[in-house]
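Below you'll find the structure, written out as structure tokens, and then a few comments.
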Amino acid sequence: MLRVNNLTKKFGGLVAVSSVDLEVNEKEIVSLIGPNGAGKTTLFAMVAGFLKADEGEINFENASIVGMKPHQICQRGMVRTFQITQPFAGLTTLQNIMVGAYSNTPQTISARKKAEEVAEVVGMTSLLSQGADGLTVAGRKRLELARALATDPKLLLLDEVMAGLNPAEIDEIVKVIKGIRDRGVTIFLIEHVMKAVMNLSDRTYVLNDGKLIASGTPSSVAENPQVIEAYLGHGAAEAMAEGA
Amino acid sequence: MISASLSMLPAAIINGFMYGAIYALVALGLTLIYGVLHIINFAHGAMLMLALYAAFFLFDLFNIDPYFSILIVTPCAFIFGYLIYRYGIGSLAKGKDQNILLITLGLSIIIENGALFFFSGDQQTVNLTYGFEAFDLGFMYLSYPKVISFFAALLMCAILWAAMSLTDLGRAIRAVAKERQGARLVGINVEHIFAVTFGIGIACLGAAGCMMLPIFYVDPYTGNIFVLVAFTIVVLGGMGSVVGALVGGFIIGITESVGGLLLGESLGQIGISLIFILILIFRPTGLFGSKV
Amino acid sequence: MNKSILKTNTSRRNFLGGTAATVALTAGVGTPWIAQAASNVKIGLIHPATGWAAYPAAQLRYGAQMAIADINAAGGIKSMGGAQLEALLGDSQTKPEIGAAEVEKMNEAGVHAIQGCYQSAVGLAASAAAAKYNIPFSVDVGVSDKLVQRGLPNVFRMADGYGRIARDAATNLGEINRLAGSPAKTVIIVHEESEFGTGTAKLMTAALKEHSIEVIDTIKHANPTRNFDNVALRIKSAKPDIVMPINYPGEYVLLAKTLRQQRVDFMASYSVLGGGFNFKFVDDLPQIAENMIDVNHWYNPSSASGQAMRAKTEADGNYFTFEVYCAYMSVMFLADGFERAGSTDKEAVNAALAGSTIDVDFMPYGKTEMVNGQNMGSRAVAIQAQKGDVQIIAPSEYASAKAVFPRT
Amino acid sequence: MSNLRRHLAFLVLGALGLIILPYFISSRFYIDVLTLIFFTAYLGQSWNILGGYAGQFSFGGVMFFGTGAYVSSILLTTFGFPPIFGIFLAILGGAFLGLIVGYMSFRSGLKGSYFALITLAFAELLRVLANSVEFTGGGVGLFLTYAPGLSNLQFETPVGFYYFALVLMFISIAIVYWLEGSRFGAQLVAIRENEDAAEALGIDTLRCKIYAIMIMGAMGGAAGTFYSQKYLYLDPPIAYSIHLSVEMLLVTIVGGMGTIFGPLVGAFVLHTVNEVARHFIDTPGLSLIVYGLILIIIIGYLPNGLIGAFKKKEKKSGSNSLDKKRSREES
Amino acid sequence: MSLIKVENLAAGYGLVEVLRNISLEINQGEVVAVLGSNGVGKTTLNNCLSGLIKPNHGKIFFQDEVISNKSPEEIVDMGLIHVPEGRKLFPNLTVKDNLELGSYRRGKSNRSSNLENVLNIFPKLSERISQTAGTLSGGEQQMVAIGRGLMGDPRLLLLDEPSLGLSPLLVEQMFDLIKKISDNGLTVLLVEQNVTQSLSIADRAYVIEEGAIAISGLSKDLLKNAELKRSYLGL
């Protein structure tokens, strides 16, 4: 469904993303993990059209989307969320979600209906009339998800929707994400919360320092010494092996 | 006609430089305020007018030469600017940019009409003994006030540039312009720096007012004549850049002068707005502005 | 120099009914609040009291109020049992729409005549608004000939518009030049870009031809212009015999200074309605002003009334600019209309004004004769700064001094 | 829903009130002042669509007004084209200018103060051009003849213009009312609140912003015809005055940006303050000093505008792009 | 004697409370690490300590004085210097200017000797001294950030994610440098997600989870703690 080849992005002298190849298949939940500053968000930004790649190909449903604007990519069915939540602060939750819903209908009534439907999926029905700037972190993360979902995407790019949530909240959102997948939406996510990654993903890519260093099932990746080192620092794998 | 115009080109360019330096002074204050505080000061013209009046009254009442008045008006303007930001604009605006806009707008209404109320709408000029002495360049004359103002403007730019790059305060101002949190963490009081910057910006106007008085005239609305030019220069040179203000001043001065020569003094004004539009479209950070 | 603030002593509070107006406006529900004062004759003065033209506006108000005070002191409108004149002050803020709104407001207040507005654009809007109520409207200063050429029966102008002034200016220049042995053959006109400058420049070009003087270049400049050096250099290279500025005060003074700084040589600076040419200019920059000539509204310095008015104005700390006596004249003209109509009936007053034969001896005017609202007896004179004073140099019947031409 | 319905009820009542008002106000001066208030509110509303809803501040809003005024006036003076049709060409002209300005500036990604300044520059450019070309009458200006009649959109009494301005204002309120409940409006607000997020949700932000400035332009164009037919004279300083640009944003921000009635409330309050201050103070300058002070006090105490102060519930704090940039930098 | 002591701290932004209940203590001369995965509130804690945000609840003592109500510049004056996450350098200023502004509150008295010191610790910066900070590589920028902190004569240096965005080799060098700095007797509070290397140079560590301290202890014990692995990798 999504195929990325040789994707590269430099900022000045710094290579943020270096020759990355990856693939997301229909109905999968694929995760992208890696330590802070590894280039995950940069990669997402390129895929979703917010940043121009210096090199490489991005194909969505077998058509190149390089050079397309984010809204065009969205209209083709791929939507991203933001790591730092970007709610429309002056609007209510309902209005926020309706903005997403409007991408498929010019009708206010049907957009509202769609928004209410989506709100139910992500469990925000009770918060619909609340101002978005008054939401908690968990609320904002859900809102981010709901807005994206309201556009009826085929592929959702979720950037750290669980950061800052407590375990109970994480459990809930994991359920929501699974529910979304069950509705037929493919999901590609960046995540730090490993528990969720383990729980959710069919496959995982690990990015470190702009390069892909591992891929495979979550459990195989978590045992990969390279990955452990990337996360916990040099020598961690050894130390842990000793400890365990 | 065209050839006559071309033969005057050198004179027009020199002229552009002379006025450009003065425009740069007006823009200098604006660029600092705009570059560091990121606010558009609608009261800039009004404050320039106040400076012109200050210089005028010092001359008229105490017979103090306007160039000497620089030493009096500039510090007073700084204090005025500091106080008005710290206790007026800064505290009233509550951090909302559109409110700062309107507060400076309200301020300009008050200042302009205050001037009208206290000084009347009468146009004032000063008559200096050396006002009409001039250097003879052969193809044109350069009057003493213009030459003095030109070099004084250069000197002001140099002083400001040095202050901005060599003193702690100057560096703190530049630091605050780009990285407020980092500045807080090294112990820079950002609100104080804002007020100081506003003060320096107004102080530049103070100096500019003293230098412009012998060349120009003053009435309660004079300041506005220079505001659009100053904005153009700020954008052209790059927000917050002292060098940019000077170079931008020269470019605009020359554009205006040569534009007036080739297109006529009425249509010639179009050069300024054209440059303004083009620079915004093609290089909004200006010639010397760094990319954000 | 004048730092005094014009203190007004009129009672706008009374005529608009104070807070009642506010309350009604705020509530948005009108109650008739016009409190017609018994027998006063109300003259509305609409001028740009705030904004870039605040200074001439203050002078106009001053002149008009002086006239009102003088007329009242002399017994008011006698045919109306000594009715006193009362000024209603209006501020157009330099905007036509505000000027027109002031007319509406004054109409509500029962104004009997209006005068104004300095800026032609405001005058056009305000006099058109006054026409709807047939309120007599006297243009005290306003040079656009469109003001009196729209066929509005209520609009009058005692002074000249630029059309007649251009003609007078050409005639006077022809006379001065002839007396000097016709040394001047070429002129460069420097004019501001709006109707006043552009229109006058066009008429001058045609009128000068009749006096065998050729306009070799016409330089239009913006309002405001910050820099006249190029203009000065262009003039210098063209070597005209006469430089003819037609512009507003700021640019007038700036141009004059620049011409001096660039040592531009010519026989005379001969301006038409030169915005900056007045006693203040002569005081402030005597070395520049010396021998400059302007064609403008001017008082008759040989008349006793003119001298008295000037003395009084200067005693009040004001300069005796043309706005003062033009406004004074305008009030006199209106008062004469009321006097002859014997009432404030608009129809009657307009008819009286249209047939006015008032003699304003402090102006160098011929017999007043209104044709389509324009006084055909008016004329502009050529005045020259000489030794710190201003003298009339043409036409000869009013001349107070000989022209210094060509200047040395 | 009930909220909307209550709005509607207010709207209808208010509209009826304003329609019958001239029958109760004998004062033509008040009618004239109200006409100016509606006119300013209308212009403010046009600014509000781009500035208040889409979050794009402009300092050159007068350019649409001036261009519209020139379009219908030149058509009238040159071709005798009746303004009642000319006004539609003025609307087209304003919208077309909006398209050009919007495309050039939004295309190159200008926002915040940069966008504000480029509109200022465009207005100034047009002023200089209008001064220099022949067909606008140059600096001499255009004189229109007084010929009352509907086809000329001229009226013998102020009441006629009152209704003209009232109709314009009703239309502007209807446009914004529609905006509030429509997809396009929601998209504009989304752009104001967060352009990146809007783009990510499939909104063609460039197109939306251009549409918004075109609506503003169209509205400004009609205002130009109104003005020139009421005052019958037009020259470049009137057509492209910075004052009017400032007044548009002033009444809107003071009244409350991004609200349906903000511009009307702002125009009403500021005009009233101005008139009352002028009424009680004759000395030149003093009344405007009072006006300036009151303006600053309003801003200082009601940072969200007059409407904002009444509905604290709906917090609109940080609701424009300029603000956002600042607060983001701070955090 | 504790240099800094935090009692029942709760803080956040607006309505959102990030830190719920934090208590910790650092003694003179110690290196203490505060660990935790992304988004648990480590940076919020730092911002409270340096006075950038005011806590909603709880107290912070520095040298036995309450500082939770003090302004950032007063806190800098007392010698608590915060080297922030993301470095927050002045990109338009040269390296030298950046470093010298570190001693903004200290005046010029110790400036040149301090600068010499910093350049001794980070010799690489001598080569870059007149380059603008925005043009430096990530590692160099981090050096400038720490150097800027050292210029302020700190008693307590608060390092927020100094290894962030650095390549493994650079990370290692960075920790060596921090070790070197602490060996000179400076007290350091190190906030990191790089667990092993932080623990290798820290005396003690706290682990934050859900806005509260979940684990604390001596570094050598923590490294073997299975809880830590769970907290990080979710295993």
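By letter and in written order, the chains are A, B, C, D and E; residue numbering begins at 1 in each of them.
In this section, a residue touches a chain if its C-beta (ideal position, glycine included) is under 8 Å from a C-beta of that chain, and two chains touch if they have at least 3 such contacts.
Predicted, not measured: the structure shown is a model, and the values here were computed from it.
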Check every other chain and keep only those touching both chain A and chain C; list them.
-> D
Steps in the shortest chain-to-chain touch route ending at chain E and beginning at chain C | 2
If chain centres are mean C-alpha positions, then the most distant from chain D is chain E
Quick one: which chain's Cα centre is the longest way from chain A's?
-> C
Round to the nearest whole Å and give the separation of the Cα centres of chain A and chain B.
-> 49
Separation of chain C from chain D, taking each centre as the mean of its C-alpha atoms, in whole Å = 35
Centroid distance [mean C-alpha coordinates] between chain D and chain B, Å | 31
Here the gap between chain B and chain E, centre to centre from mean Cα coordinates and rounded to Å, is 43
Where chain A touches two or more other chains simultaneously, the residues are 133
In chain B, residues with contacts to at least two other chains | 113, 116-117, 121, 181, 220, 264, 266, 269
Mind pulling the chain C residues that touch 2 or more other chains?
-> 5-6, 50, 54, 57-58, 193, 220, 222
Mind listing each pair of touching chains for me?
-> A-D, A-E, B-C, B-D, B-E, C-D
In the complex of these two chains, what residues of chain D are touching chain B?
-> 57, 104-105, 108-110, 113-114, 116-118, 120-122, 124-125, 128-129, 131-132, 139, 246, 249-250, 253-254, 257, 283-289, 291-293, 295-296, 299-300, 303, 317, 320, 322-323, 325-327, 329-330
Of all residues in chain A, which touch chain D in the complex?
-> 48, 50, 69-72, 74-75, 79-82, 86-91, 95, 98-100, 102-103, 105-108, 111, 131, 133, 147-148, 150-151
Which residues of chain E touch chain A in the complex?
-> 14-16, 18, 37-40, 135, 137-138, 161, 163-168, 171-172, 193-198, 200, 210, 223-226, 229, 232-235
Touching chain D in the complex, chain C uses residues 5-8, 10, 12-13, 16, 18, 21-22, 24-26, 28-30, 32-34, 49-50, 54, 57-58, 89, 91, 95-97, 100-101, 104-105, 107-108, 121, 124-125, 128, 131-132, 146, 150, 192-195, 197-199, 220, 222-223
Report the residues of chain D in contact with chain A in the complex, numbered from low to high.
-> 181-183, 186-187, 189-190, 192-194, 196-205, 258, 314-319
